[in-house]
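Data first, discussion second: the structure below is written as structure tokens.
Think of it as A, B and C in the order they're written, each chain with its own count starting at 1.
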Amino acid sequence: MEFQLSFLASGDVPSLLLSGLMTTLRLFCGAWILGFVVALALVALRTIPLAPVTMLVAAFVAYHRNVPTVVQIMVWYFGMPAVLPEPVRLWVNHSDTEFLFALVALGLNVSAYMSEDIRSGLRAIPHTQLEAARSIGLGAFAALRYVTLPQAIRISLPPLINRSLILFKDTSLAMAIGVAELTYQVKAIENLTFRSFEVFTASTLLYLAGSLTLMGIGAWFASHYPPPYRG
Amino acid sequence: MLDILHRYWTLFLVGSWPNGPLGGFAATLILAGSGILSSFPLAIGLGMARVSPLGWFRWPATVWVYTFRGIPLIMIIFWAYFVMPVMTGYKVPPFATALCAIVVYESAFLAEIVRAGLHGLPPGQIEAARSIGLSYGQAMRHVILPQALVNMIPSLVNQFVSTIKATSIVYIIGVEEVTFAALQVNSVEMTRALQTFLVLAGYYFVACASLTYVARRIEMHIAQRRMQPAGQKTLVAGVVESAG
Amino acid sequence: MIEFVAVEKWYGSYRALQAVSGRVQPGEVVVVCGPSGSGKSTLIRTINRLEPIQGGTIRVQGHDIHAPQRDINELRAGIGFVFQQFNLFPHLSARENVMLSPTKVAGMSRKDAAELADALLTKVGLAHKINAMPANLSGGQQQRVAIARALAQRPPLILFDEPTSALDPEMVGEVLAVMKQLASEGMTMMVVTHEMGFAREVADRIWFMDAGQILEDAAPEAFFTVPRHPRARKFLADILLPRSGAPPLSAGS
């Protein structure tokens, strides 16, 4: 097995790798933002004291935590078009919607986990905080928004960063439906050139760079924003 | 959906067995189970290396853990698929390749569970064990590991759940587990894709949700057993009177 | 039995032990007392090398404990140590806790070790709890098992690190009673404690420590009635309830 670093600079290889990396990053950022927003919505929904709402949210979370991510992507990509109304389905069949479906699937998947992480953070805040917020006249939602949630997010930061790391790695699952992210391109280059070792090494290093960056961000947050004193 | 389930449930459950290799969800569980079991001894070694006072055990273990936690499982599978025929000189069947990839992948996560388990014991335990003359190895074997392993059980069950979900990607190198079965069904029943994949999701859901529940029950049971007996103070005050 | 020669210990830039010197003779009971942070727990933890030292020498039975050819496990097997937090092994019964060192370190057969364990547990008053698990024992009972565990090593000396500080007051007595009995049998003991009544009754000598130094080394009568060092006087005044006029000491004097 020879290792030729120069191979990585030849032909289409750099542009393929780069486009794969860009797609990975776009997928990651898009899914993360969608996930975080939906997670906040789920947390807010849980404050509504209606049993059907709570049960729906619980079912949503349970589904996304117990079904593998790639299966969730498949349910969206293969399953959803069948139930969409006719004109939408035609548009879907004619466009490059793999990326969109992957993003939605990954985003909702991560939102379920994030909402649970934020909930644990909320549970860690002493009840007296909520009492104090309510006694100055804030409603349930306002109390959540201005008092408990900001504190909860700080406590939840470690599991949230861990979940971001998992999301970053899960972007590779999108290749199963044909999204041209980094792993897909690695396979494509390998099929073209049969030079597995160099391209695997390059992509491994790229993934490690991303993972270690995320872990580093986690460590930085942990040291600069230690969990607040609970008095 | 029930129709799909009714027609193809054997395919989902055991693949083409007995007319072919064992597949379906049975293959999923066997792959996940044997992956974790095989990885565990390696993980104990790695976990102990991670807390070792000796640098040249600690650093390689740390690099191993960070590396295999930092790349997607599918990259590890591709590496295994590429490296193993070269290493062994044989064309390795997909199931074995996937199993090796999973063993390596899980070792990094299990090692962290072991490390947390070792750290979770009060430092007084290792001190007391060393004070009665036990060597580091004896202390680990007779005092630390028996306690740490029991505490780890809920985390280990949760990791098993994660592994079951992780196996869903191995169909890509040709392993005939349950996701593969679903894709086979989908290629036949193309108009009922949603039902097919929801049935697939259902298999995973039932298995994972039940195991997660079991893990939670075990955790509660262990927490109950750890309650301190009456009469042990936590506050130290200056004692004034002799108690002769 | 124990000899400290100019022992120095640092935690980073903090000097925990300053040129500590002293001797404990065989059969002596030495009580080490002093305010928090004085280094008294640190001092006894250096004897079985739970804490390393940066300077000076410590000798047990004439041998330097830091000599390179000295096997650390052998050293520790020859010294009994009783912890403030008992540190019993929760997955083993009382008997198995006591049997662990004789079987694994001294190589005793399980039968002999079991007999030894039963005898020692009876000696500390726990014959009825031989098969109990630590979670089912009170604090005082756990500490007595810990003492039996130390005795199982047949050590020539036992070290006690605040053995009663984590106990509810009504259980302190049962543990001190066992310690008194050991002292009367001639065991060499070094005890870090706040129990001044015990010190007065049982100790042969008292070492008063503050800020990493032994400031006073005297017989109990002398120490309690005429403390020489000003910080010792302050310590005694703080720790003992003053009664009208008389030099303070509570019941038992």
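Just so we're on the same page, a residue touches a chain if its C-beta (ideal position, glycine included) is under 8 Å from a C-beta of that chain, and two chains touch if they have at least 3 such contacts.
Since the structure is predicted, the reported quantities are computational estimates derived from the model, not experimental observations.
Taken as a graph of touching chains, this assembly forms an open line, each chain in contact only with its neighbours along the path. In this view the innermost chain, defined by its CA centroid being closest to the centroid of all protein CA atoms, is B. At the far end from chain C, in terms of centres built from Cα atoms, lies A. Between chain B and chain C the centroid-to-centroid distance comes to 44 Å (mean Cα coordinates, whole Å). Between the CA-based centres of chain A and chain B the separation comes to 22 Å, rounded to the whole angstrom. Centroids built from CA atoms put chain C at 56 Å from chain A.
Within the complex, the chain A residues that touch chain B are 1, 62-63, 65-72, 74-75, 78-83, 165, 169-173, 175-176, 183, 186-187, 196-197, 200, 203-204, 207-208, 210-212, 215. Taken in their complex, chain C has these residues touching chain B: 48, 50, 73-74, 76-79, 81, 83, 85, 87-91, 100-101, 104-105, 134-140, 142, 149-150, 152-153, 162, 164-169, 171-173, 176, 180, 194-198, 200-201, 238-241, 250-253.
Within the complex formed with chain A, the chain B residues making contact are 66-67, 69-75, 78-79, 82, 86, 161, 164-166, 168-169, 172, 179, 182, 186, 191-198, 200-201, 204-205, 208-209, 212. Residue ranges on chain B touching chain C, taken from their complex, read 122, 124-125, 127-135, 138, 142-143, 146-147, 150, 225-234, 236, 238-244.
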